[in-house]
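Each of the next two complexes has chain A plus one other chain: chain B in the first, chain C in the second.
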Partner chain A sequence: MNALAAQALISARRALHQRGELAVRVAFYAIILVIFSALWSAAAGANGGSISGYDAHSLLWYVAAAEGSVIATKPRMIESIGWDISSGAIVTEMLRPASVVGLRLAAELGEALVRLVCSLAVGGVIVWLYVGQPPSAAGIALFVPASFLAVGCNLAAQHAFAGAAFWLRDARSTWFLYQKLVFLLGGMLLPLEFLPTALADVARALPFASMAYVPARLASGHVEPWLLLVQAAWLAGLLACAGGVFWAGERRLEVVGG
Partner chain B sequence: MLAISTHELSKDFSAGRGRDRRRLRAVHDITFEVERGERLAYIGPNGAGKSTSIKMLTGILHPTSGEATVLGLVPWTQRRELARRIGTLFGQRSQLWFELTTRQTLHLLSRIYRLDGDDARRRADELAELLDATDLIDQPVRSLSLGQRMRCELAATVLHGPEVLFLDEPTIGLDLIAKQRFREMVVRLNEELGTTVFLTSHDVADIEHVADRVVVINHGTIIYDDQVARMRRSLLQTKLLEVRFEEAPGALAIDGVQVTPESDTVYGLVVDTRRLSVREVLDELLDAYAIADISVVDPPLEQVIAEIYGGRT
Partner chain C sequence: MTVALATLRTAFLEAWSNRRGFWFQVGIMAANDVAWVIFWVLFFRKVGNLRGWDTHKVLLLFAILTTVSGTGLGLLSNSRRLGELIAGGQLDAALALPTNPLTYLLTRRVDTALLGDLAFGPVLFVVAGDPTPERAVVFVFGALCGTVVLVGFLVALGSVTLFAGGRGEQADLGFQAILIFASYPIDVFGGLTKLFLFTAVPAAFVTGLPTSLVSSFRWPVALGALGAAAFFALAAATTFRIGLRRYSSGALWTRV
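Up next, the complex of A and B:
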């Protein structure tokens, strides 16, 4: 087993052992899901049964998939990576004969996949009980790899954004911006079709859509396999971007003192 | 054979913003060589440039100018290649994963260093025994005391059998017993495995107990480079004693000892070890007075450095 796989496996085991943290996060997700289910059911009902092509049934599966894909990653991760860079804590990782960003991504991926599976299992049961089975079995089959790709895109993008700390010394503002972009342009709060057409087109062309909108679109019954290719392309691009940012950043790191 | 070689190595940092932005020289034209198997103490007060030097030698920082090789490699351009052959321990920065046990950390490190699984397990057990950490290795790192953690940090640092060991203030924050134990372990690793030791510290005792050669750096410049035995003879000629008496001792005078009363019952004594040993002073005190407490410390590094400067003028 190589270092990245070993790191991911150890992190996944650690996430499984931190039952309290996992339970709180899944419970938080379930509460959000119940609130959003009620909200979007009412909104669809008030709009003649559907909004922009989504009925209440597909909307709730959309919300479960979008929220579940995003909630799998750690909150404020950009801030904590930025702190490790600006405080110099990252130097111990630079002393290992392996990619700093690669090991960090593997660690986060191992944990995130555990949280993703647990959250979606609970979310799936809640929505199934609320509105019935998923709109499309094919859509759900596509959703499974899409949700993994979504987590990968999200983690890679967060590391790329956090790498700004090599230059800015503080990634807090970056985190604030990133979070809003995922919420709105990533389709986490609402399907992109609900946005004005021009803004929706822009949002679809950005990587944030691959983090929430794509898996949610597939889970809501839209069988559009090409979306997986879009995600895969973004994942490759974002990984290259994160790797490039760390590569350049590590070369200009200035750590004064012990 | 050389383990480390530097030639006029310098590092500047930028400080301030806008118009106040200026360059600060942390390390200035340092040149020295370290033979394989040598135990070098690289010492200096806070802000002297010790950590900056070590970070350049391990490839973390790029120098502003000058050259350096470690095991024949240029650290900042061949960092990962070098990382397989050196071990680095920062006293103020942990390399262990706090949520894992040390054994899990060692397993992960064995994958990172691409060690054979069976060899790595055997080496982890050997190190646990050598570092007296067999009862610690399966505990979560977060539950270890600082002294225990430093033993595990050392195990993680030498798991892959580094040829050069960089220790950056490894004894900082440790109590006296833990410090002594740590120093003994470093010497054992050097003697049993032939590992070159490059130790930075601002604790004079680290020099005496670990190193056979000392380089003193101050304000980014090397001001002293000699064998520890010679330094001891020429510079470390005093020991400081703080003595607390059960009751006021009255007039206290010992030949070769400078006495400074700090209160009625507490006295500071500076012992000139060229004239008499600490043991002789202790014997004399214990025979003549009721002693509540005694501590013996080395002169602070600032005093040693002042003596180095004093000796030059």
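Up next, the complex of A and C:
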């Protein structure tokens, strides 16, 4: 087994053993689902049962998928990576005979996948009980790989974003901004069809849509397989970007010092 | 009171000592709040009126929420971390001081980012809340009552660590739950959930009642808000005091 796979496996096991944290996160996700179920049911009811092509049934599956895909990653990861970089703690990781960003991504991926599976299992049951089965079996079949790709895109983008700390020495609070970009332009809070047309077009062209909108769109019964290709392309681009940022940042540390 | 104010002043000066970081974090939080305002504007643009709520009213709710979180979680930052402080053995240092330990802990730390909320809330009220002198007074009254309920609820949950041990996970979950429930119009929830918001997770008293008061003032509702604030203040003080009697030490070497 190579180092990255071993790291992902160890992290997944660790996440499974941190039962308190896992339970809090899944409970938080369940609370969000209860709130959004009430909000979107009321909203659809007040608009004759459908808004921008989504009825209450598809909206709730949209929300469960979008929230579940995003909640799997740690919300303040950018802050903690930035801290490791600015404090110099990352230097010890550079001594290992493996890619720093690769090992970090593998560790986060292992944990995130455990949280993703647990959250979606609970969320699926809640929404199923609330509005019934998913709108489309084919949509759900496409949603499964889409949710994994979404987590991958999110992790890679957060590492690329946090890598700015190699130069800025401070990534505190920037996670707020990143999070809001995922919430709004990524379609986590609202389907992109709810945005004004021009803004929706911009949002579709950005990577954030691959982190929430794409899996949610598929889970809400819109069978659009080409969205998986968009996600795969963004994943490759974001991984290259994160790798490039860390490579340049590590060279800078080696030359200038931490 | 003097000790509490002096401690709060020290905590604020500590945050203020890094001016660049201070303004950066305040600015980031204000930008975060703007994102939520955009969400609500987009939502009601599509949905229209929802059970008596529109953009105008929900922005009033958001102004109250940000003011409450700025006061209760920004100025009294440790209110959400009490369980964690107890579990980490940091209560012991406060017990040695000649002052009320709970007051000291609550005023000991300021969360700079959340001070952005404290600045944003009143500004949003002025911009979107149709401010008149009467409405402004009710806004301040509602926000204060909401703050006491929020802080009281979090302190009571954090104090459970004194009895039950753990790392304060229950306080963390309570914090997440009350804040998120308080962010949404209470009338979208029905039956049991609404009852839940007036009892187990009292989010209705944090933003729902204050928003209703500012929209249309009624004495019974005002007395309800005041009663809830008194109840949660008392519950927090009592839970902490009783817990403290059972507490021996949080020092790691005392745990077997």
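Odds and ends about this structure:
Please note the rule applied: the second predicted complex is superposed on the first by the 252 of 258 C-alpha atoms of A that agree within 3 Å, B and C clash if a C-alpha of one lies under 4 Å from a C-alpha of the other, contacts with A are read in each partner's own complex, and residues count from 1 in each chain.
To be clear about the criterion, contacts are C-beta pairs under 8 Å (C-beta built on N, C-alpha and C of every residue); 3 or more make two chains touch, one makes a residue touch a chain.
Please read all numbers here as calculations on a predicted model, not as lab measurements.
Residue contacts after overlaying the shared chain place A:Gln133 against neither chain B nor chain C.
Once the two complexes are laid over each other on the shared chain, residue contacts for A:Ala3 go to chain B alone; chain C is not touched. By the touch criterion defined above, A:Ile51 reaches chain C but does not reach chain B. Of all residues in chain A, those touching chain B in their complex are 1-3, 5-7, 10, 14, 18, 88-89, 91-92, 94-98, 103, 251-258. Against chain A, the residues of chain C that register as touching in their complex are 21, 24-25, 28-29, 31-32, 35, 38-39, 42-43, 46-51, 113, 166-167, 169, 172-173, 176-177, 180-181, 184, 188-190, 193.
For chain B in complex with chain A, the residues that touch the partner chain are 13-14, 26, 47, 50-52, 55, 58-62, 79-81, 83-84, 88, 90-95, 97, 99-100, 104, 107-109, 111-114, 168-169, 172. Within the complex formed with chain C, the residues of chain A that make contact are 20-21, 23-24, 27-28, 31-32, 34-35, 38-39, 42-43, 46-47, 51-52, 170, 172-174, 176-177, 179-180, 183-184, 189-190, 194-196.
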